[in-house]
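These notes open a run of structures that come right after.
Each of the next two complexes has chain A plus one other chain: chain B in the first, chain C in the second.
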Partner chain A sequence: MNTTAVVTSELNRVIRFVWEELKPRGKWLTPFNIISIPIILIGLVILFFRFVYGIGSVTNLNQYYPLGIWVGFDVVTGVALAGGAYVITFVVYVMRIEKYHSIVRVTVLNGLLAYIFYAGALTLDLGRPWHIVNPIIGNSFGYNSVLFLVSWHFLLYMITMAVEFSPVVAEWAKLEKARKFLTALTLGAVIFGITLSILHQSGLGALFLMAKPKIHPLWYSEFIPVMFFVSSIFAGLSMIIFEGTISHKVFKDLLGGHDHHQYEEILLGLAKGAAITMFVYYFFQALLFIHEKRWELITGFWGYWYLLEIIGLVLIPCFMYAYAVRNRNLAIIKVASVLTLLGIILNRLNVTVIAYRWYDLDKYYPSWQEVVVTLMVVFTEIWVFRWIVTRMPVLAKRQ
Partner chain B sequence: MEFYTYVNIFETKGLEYLLLLSFLVLFILLVRYLSDPGRKNAAPAEKRSTTADQGRWSSVEAVKRKPG
Partner chain C sequence: MDRRQFFLTTASVCAGGMPTNTLKAADAKEPKEFVGVLVDTTRCIGCRSCEVACSEANSNFVPDVQNDNALQQVRDTSDKQYTVVNQFKTAKGDVFVKRQCMHCWQAACVAMCLVNAMYKNKEGPVTWDGDKCVGCRFCMVACPFDIPKAEYRSWNPRIMKCTMCYERLQEGKRPACVEACPTDTLMFGQKRELMEIARHRVYNHPDKYVHQIYGEHEAGGTGWLYLSAVPFDQIGFRTDLGTTPYPEYTKQFLVSVPLVLFGVPALLLGLSELTDRKNEVLESEEWKKPGDAE
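Let's turn to the complex of A and B:
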């Protein structure tokens, strides 16, 4: 009886606490709110039409182009950009490089939200979205499909990242015993998460192995899975640099002076890692270029488009990172991170949308509704991220 | 579009070996380049030794000799 009373009182306390925390704080009329709120509202209306009248009512997708920007940008690109979570947790918890400990929480939060929103956006793109549970519940497992692996990995990795982030939630809710228990699970979750990440980052590339006749030969190779995995490493690192730069300005009140001092060293370390992985990736590309005699395809629009991606948005940012690390120039690192992110977005969109059925005269172009829903997903994620960061002990000061 | 293409793996083997060797050399150079301290952060260069200093190259400054 006594125990029941204690549990009830604790539960009431947590509910009251969460209710208080849900109330909005700060100014409402900010430029970000003014832009994002109308887009989110319009996106919700579009989604209503999408689920009532079907996917064809709001998109330009058809039997020839089943994958649009909802998959190409949200899922395939978004998951690559979330790769920073597994890279940083590996560096901190497995390699024990404590320098990066202060960015673990925010990176894991970014990864968790990216998977929830971007992988969750897969639901929007399915003609019959209620079938999304089939690979999980066994109604139709589909063992032979790469999607079976990808769907299970998405689910397990989201749970894993939720476990990795859960000590922060317990700390926020002042549940000390739960925090200790959840913290003890972290290392196991990290190792499991790294394994899952390596497999599904490459698994997303493996999805396109069966589309050989449809993808331009400059982007298709049997090594797409390897390329997707390697590129997810520097995509994740660049995303951390980019996101960290913005967070550092927007949430500077939440950061202590110690973190400002550490910030430079962390950026330099991330840039160094990005430069090395980009260099490796570039040579993989060069090897494929020679092995598949791609010089025969390098003329014309598609050739120049390919060179823009590989030289302009991989090799040049790689050199920029290296130069910036050598000269401790943070401004160049930030510019290089933006170029790298553009390169990753372009690469994933080339494989999924732009160079897909490249020989068609009647190409797919996303409808305005698809663009608005994509922006809605991104803005909603930023809203949730902002809410969590301003309330929970995510940034270093409160740890 | 034909679905199957047969690649002669020996046709480009020589170039691939050259590429691999150049990668190994360049990778080492890149890591060395990145591992060196940055110019701005580097410690100030030590005072260049003068001719007079060179004459005392064998002196051991750390050793305090007992007077007398």
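Let's turn to the complex of A and C:
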């Protein structure tokens, strides 16, 4: 048998296999489907209007608020919450701590999908998305632009995460040789991915450095990039805890032979990591508070809004994590993870939307269409995630 | 780690690092000086001829100056008009102020743009190139003067802002608004000359003008300069923008990029070798001193 014949027959097998796997499984009328399907359909209609009649036809964006929740929530917040992938790959592949190996696949998958969908949501917000290749090809490199850096890093990081996840796909498609080759690339991809993550997590903050006169001084400082990077660590860890909690309920039967005690240890470890990084973050915020004499700004709505974020949604969940780790209380860890995520969402939205042009009387509020499209992005991501984990060896090795 | 894997790892890290090396110094000396316009607000009579001339030269919406009563409220430039004249009631009577892109010397919008669609021409005007623009609107975020305006109601939106009539400049003409001004409020020239004229006027009429030339240092210096009889915050200018050129705010970050891009992979590659437990010797056995045994 010659090589061409082997390749063709192998290709045929894979195509037929993928076709079989594409078919839906299980019940159709689950509560999640009943909610998500109409929202995704309405979202598609809204996107039709957006691409035909312009962004202004479906959003509340105006000349003074050029960025809404499509950037502030989907992209800036979504990327922060996907920070778990680089933290966990660092722990497992660089520090070689095997305890967390069992959650690497699902974390990387979550990160990859988050970048594809949330960073991908950027294309919905771009006025001329067909020019999106311009920063990559052609002669229009804005070398001195932070945005140029961030866009390149998004692209490269998506590729590295795809490489990190590819052995799972190869295992699923039963391509043993490809799997071996792709596994050999993992360490390089991990190291490159961590580097890119440090740069673009902080780069997302650096995008707003030039908006100095427009962001409320409680949220603006020259250290926004450092803040964004440090907070992405505990944002990512909290997201792993949060997602893991849901996955353990929803995909219980996929976790065959899973050691519950081991999972408890993992959660406690993640919570410990989150607690300490949050404290460092809080400490840095406190230093800034003193250095910039921010107490003078703690007046009225913005002062309390700031305290709510820093005390209520950073310091308190930080202590909750620490307390829960001491007392091995998983319930408190889960509550703390939710509070932390709310704090991150609030922080990113404050910088990009809420405290942006705080002095305006005519503030921006998202339109219902913007909210529906955001939900559509989240739901579509969950659909793809569900499709993958129910087919590929993500949550547990194939029996 | 075997040799094959070592090469794969190193090669993939290095290859990935290459295209992101974004820091290229472009400090070649320009032979030409930047041009700009001096606006003497004490001379403006609010006839709005500049608005009409601007819109005609750029095929934008032409306002009906006689009948639209637009001076009743303070307006901003829009995606339909590159320039507007506003009226302010002050202690020294009505003051008319023209508003348009300031054509910063080191423009925030240009530094923000990832595709060089916003571009600082060597003659001084900041212009926008629709073939490059991706429509991210971060130029609008960066601009301290809120000048770039997006066409939100178009499937193919443009970023609309004053170009200082770049095409007319290349034909050797002056900007349309300067050409149309009947009172010599607007004066076109190189910034150095304009600064001399502006200082001369302030020096000769110390009671007539406030002793500040808006645009001399604001946001690192702008191409358009303003003279006024009353403090600038009374006639619609932001006076809290600082004198730092806006691109400076991101410089610190950009400088640290190569450090991370090459420092972190080196550190991590080293770490991953150090933590390799394949040939691990149990330290507790090796390092136990005889006396420690319990």
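Here, the second predicted complex is superposed on the first by the 392 of 399 C-alpha atoms of A that agree within 3 Å, B and C clash if a C-alpha of one lies under 4 Å from a C-alpha of the other, contacts with A are read in each partner's own complex, and residues count from 1 in each chain.
The rule we apply is simple: a residue touches a chain if its C-beta (ideal position, glycine included) is under 8 Å from a C-beta of that chain, and two chains touch if they have at least 3 such contacts.
What you are looking at is a predicted structure, and each value in this text was computed from that prediction instead of being measured.
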Exercise for review: Considering only touches as defined above, state whether A:Val325 meets chain B (first), chain C (second), both or neither.
Suggested key: first
Exercise for review: State whether A:Ala275 touches chain B only (first), chain C only (second), both chains, or neither.
Suggested key: first
Exercise for review: Go through the superposed model and pick first if A:Phe148 touches only chain B, second if only chain C, both, or neither.
Suggested key: second
Check your understanding: More chain A residues touched by chain B or by chain C?
Key -> C
Check your understanding: Is A:Phe242 in contact with chain B, with chain C, with both, or with neither (first, second, both, neither)?
Key -> neither
Exercise for review: Pick one for A:Trp383: touches chain B only (first), chain C only (second), both, or neither.
Suggested key: neither
Check your understanding: Is A:Tyr359 in contact with chain B, with chain C, with both, or with neither (first, second, both, neither)?
Key -> first
Exercise for review: Give one of first, second, both or neither to describe whether A:Phe251 is in contact with chain B, with chain C, with both, or with none.
Suggested key: neither
Check your understanding: With the two structures laid over each other on chain A, which partner does A:Leu287 touch: chain B (first), chain C (second), both, or neither?
Key -> first
Review point. Intersection of chain A residues contacting chain B with those contacting chain C?
Key: 212-213
Study note, to complete from the structure: Listed in rising order, the residues of chain A that touch chain C in the complex are 51-57, 59, 61-64, 66-67, 90, 93-96, 122, 125-129, 131-132, 134-135, 138, 140-149, 151-153, 156, 160, 184-185, 187-189, 191-192, 194-196, 198-199, 202-203, 206-214, 222, 225
**Study point:** Sites on chain C touched by chain A in the complex
**Key:** 1, 4-5, 8-13, 16-17, 19-20, 22-24, 26, 76, 78-79, 108, 111-117, 130-138, 140-142, 144, 146, 149-157, 238, 240-242, 246-247, 249-250, 252-254, 257, 260-261, 264-265, 268-269, 271-272, 275-277
Point to revise | Of chain A, residues touching chain B in the complex | key: 212-213, 272, 275-276, 279-280, 283, 286-287, 290-293, 322, 325-328, 359
Practice item. Within their complex, state which residues of chain B touch chain A. Key: 1-3, 7, 9, 11-12, 15-16, 19-20, 23, 26-27, 30-31, 33-34, 36, 38-41
